[in-house]
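A quick write-up on the structure given underneath.
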Amino acid sequence: MTLRVAVIGATGRIGSEAVKAVEAAPDLELVATLDSRSKLETLVESGAQVAVELTHPDAVMRNIDFCVHNGIHVVTGTTGWDDIRLAELDHWLAGAPEIGVLIAPNFSIGAVLAMQFAQQAAKYFETVEVVELHHNNKADAPSGTATRTAQLIAAARDAAGLPRQSDPTTHGLEGARGADVDGVPVHSVRLRGLLAHQEVLLGDTGETLTIRHDSLHHSCFMPGILLGVRKVVAQPGLTLGLEHFLDL
Amino acid sequence: MTLRVAVIGATGRIGSEAVKAVEAAPDLELVATLDSRSKLETLVESGAQVAVELTHPDAVMRNIDFCVHNGIHVVTGTTGWDDIRLAELDHWLAGAPEIGVLIAPNFSIGAVLAMQFAQQAAKYFETVEVVELHHNNKADAPSGTATRTAQLIAAARDAAGLPRQSDPTTHGLEGARGADVDGVPVHSVRLRGLLAHQEVLLGDTGETLTIRHDSLHHSCFMPGILLGVRKVVAQPGLTLGLEHFLDL
Amino acid sequence: MTLRVAVIGATGRIGSEAVKAVEAAPDLELVATLDSRSKLETLVESGAQVAVELTHPDAVMRNIDFCVHNGIHVVTGTTGWDDIRLAELDHWLAGAPEIGVLIAPNFSIGAVLAMQFAQQAAKYFETVEVVELHHNNKADAPSGTATRTAQLIAAARDAAGLPRQSDPTTHGLEGARGADVDGVPVHSVRLRGLLAHQEVLLGDTGETLTIRHDSLHHSCFMPGILLGVRKVVAQPGLTLGLEHFLDL
Amino acid sequence: MTLRVAVIGATGRIGSEAVKAVEAAPDLELVATLDSRSKLETLVESGAQVAVELTHPDAVMRNIDFCVHNGIHVVTGTTGWDDIRLAELDHWLAGAPEIGVLIAPNFSIGAVLAMQFAQQAAKYFETVEVVELHHNNKADAPSGTATRTAQLIAAARDAAGLPRQSDPTTHGLEGARGADVDGVPVHSVRLRGLLAHQEVLLGDTGETLTIRHDSLHHSCFMPGILLGVRKVVAQPGLTLGLEHFLDL
């Protein structure tokens, strides 16, 4: 029995990759592809069981509203979620208790695992820093992922009762020791030729542990999207973050 | 309330580090240090609650026998354990149900975490290889840790129903693709200047995850030994591997 | 004054990138693009001063013959050169003493520099190994670049009177210590998600030096092709290898 | 014929390593070891041809003065050189035209090569950054070596007519993009367990080149000291920097 899948936002950069990925998966059947001019009714007509939603904040609420009310599970990577939107989604799901929705800020399984491992390891090391490396068109520094990683590490240290790490620097140049995210130094490298890379470096007496994630192509989101599709049908309600579908 | 700790094998390379580490820990009190000429009765006289045992296979059974029968918990890194020895230890512990013994093949928390993470990640990546790098006096290749890591990865893949990874190589030089450990390629680099380092490289569509552990000094075993001392008093019976004392 | 450039093989994977790269360079003017059905006379009619030749062994001799006899410099990355072909090219160039031809097996400046640096450093380190990492569709192991790098390193060690490095391994698994290329161990990792990466690791007392090259996209050949175009016009005769156009 | 070598500052951390290194070298003979209470006349009595001077700024001028006037070549790693001191040394050497003195701020051959290679590669890459990683007792950030490396890179870019690299960051946290050393971003990581490590990352279209140096033990200075000893006897006058004795 294959699972019937639709892709909403099928002509976008990630959406068009998702179309190919669903087509290539033997246990999935691509039944509909929608772009911004498509009618949502296509989803019902096609018999889709799961919709992969990859559009933008302007469209996502309407799309998910339709899916939930028509008994279609949703996997979305669209951003722009705030408390009001999440409350509205909860309300919809209350009326459709069998339907699952996965909202994933990051579909890269490697990135999600790297964040989990960094969090788990954090309490066992006296010192920890984050180095993220991206192409030289990136406007924000640190990256959202690096900031989130540092926050999770800081929270894990706090929960374990570890003190803030002290900076040994007494003289130096401004900026050398990176940005301070909840007490965790974060360094942002911008290099032509790179895509998206991140290292968490943990050090204690006589040893270091390094957890590195490299995204070399945006197709890296596909295994995570497919995992989401396969799992969401058995996970009613709202799931925030792909990590909840990983079996760690 | 401090915990009273004795070190057996206190003049060895790791043992002498352990003496210093216990002395430096505010919650531990070093009450006895034994070398090969010391009498085991010293342990009882000193009031030791936990013994750190760092000797060799010839001495370890006698040492643990004495500790268990005198109500002293044990943390040991000595090797040479086989089924017969483990059965004997189980028999002793059956008669001392409140006593805990930790046998740890590796006290480096970083190395243990790296192995755990590699195992957890293994099922989410189509391909995985291990590269271990050591100083150029090492006689065995691959290292014991690398072999063990590869076996754990292979077992995790099997359990998840992943197929053996296929080697794309159709022509090449012998040895280029490394040693085959249960289907996981393992590569051993030997370089003057290095100590002990290991990388697990996992790759799937468009991304890689790398888990690297570097031992830069044999003092790296100390945080793990101290963790073992603190946890073993609350963990009666036999514990095999420091990973069981980590909260992951 | 811009330089007038033609691209032969303009519809291939690298050729089409070259077309874009020439167009984007302010000091170069793209005057002709040829594919397998184009007439070579186009080159003359377009007034091309340099031809970038990116075809295959079947076509390259005819293309270069035409260029040299019509006063057009050539930059080629096509393979298949042997002594007979090189002798023929020498003969053509003897009759056109003002014309330059660059044959480059690798247009990646990073890869060429990495090889040069590895060679230069080789004599200062007791031990050296090569690790190359590629996508898991690569049929040969080690890669051609890794084999060539190891040969250059071995030659540099020989020239400096260094002994063969001895392998400390007395027991282990077959393949763990890599392929032996003139006494230099070479390890080949194959991972889904990777493209083309290489590390040369050099180690001596208390330190290591690592030279790593990462190709993340085949556009990495463009800076080298453009460099070749700019330099070949002032370098009459045959030049074998982009390294001769680098100012090191 | 062996070379007769004395070590001044033989009881210091590096000095005592130097004593062992000279003793272990088959082509060198250790003829004298001096500490702060030794008489410099010992150097003459021992017949030393080269003195390895590893003391401090207070003592170095007197030591070198004595050596130069007694026909003994000098290899020194002591710091504190300014224009006045260098002028004085030049004056001494003018009167002893056959004598060589090497002043080396860094005896690690790996570190010196890494700096050279970074400089040579700099002009071929649009973007470059430096990441240095040290133990968490280091008071200055960036390290002196990293600052010097960035300056050399910036000078090489200037000399080649490359523009300053532009920072793509339009919003972010202070410090994320590192310290600015002549337009080259430098990031300083401080981690327990590390010693001294540095990476120069160069990136251009589709590729990156990374030059990494790891010091894992202070014995890493020995090969450079021995190289200095062997070369200084044939290099009259003042040599500033070990790189001038490397054959690149």
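For reference, chains read A, B, C and D in written order, and residue numbers begin at 1 within each chain.
Convention: a residue touches a chain if its C-beta (ideal position, glycine included) is under 8 Å from a C-beta of that chain, and two chains touch if they have at least 3 such contacts.
In this text, all values refer to a predicted model and were calculated from it rather than measured experimentally.
At the interface between chain A and chain D, two copies of one sequence, more than half of the residue numbers in use appear on both sides, so the contact is built from largely the same positions. The most distant chain from chain C is B, comparing centres defined as mean Cα coordinates. More C-beta pairs touch across one of B-C and A-B than the other; that pair is B-C. Per-chain CA centroids place chain A at a distance of 39 Å from chain C. Centres computed as Cα averages put chain B at a distance of 46 Å from chain C. Note: centroid distance chain A to chain B, computed from Cα atoms, is 34 Å. Among all residues of chain C, those that touch two or more other chains are 125, 193-194, 202, 204-208, 214, 216-217, 220.
Listed in rising order, the residues of chain B touching chain C in the complex are 125-129, 131, 133, 136-142, 147, 165, 167-181, 185-194, 201-208. Those residues of chain C whose C-beta lies close enough to touch chain D in the complex are 108-111, 113-114, 117, 120-121, 123-125, 202, 204-223, 246-248. Residues 193-195, 214, 216-217, 220 of chain A are the ones touching chain C in the complex.
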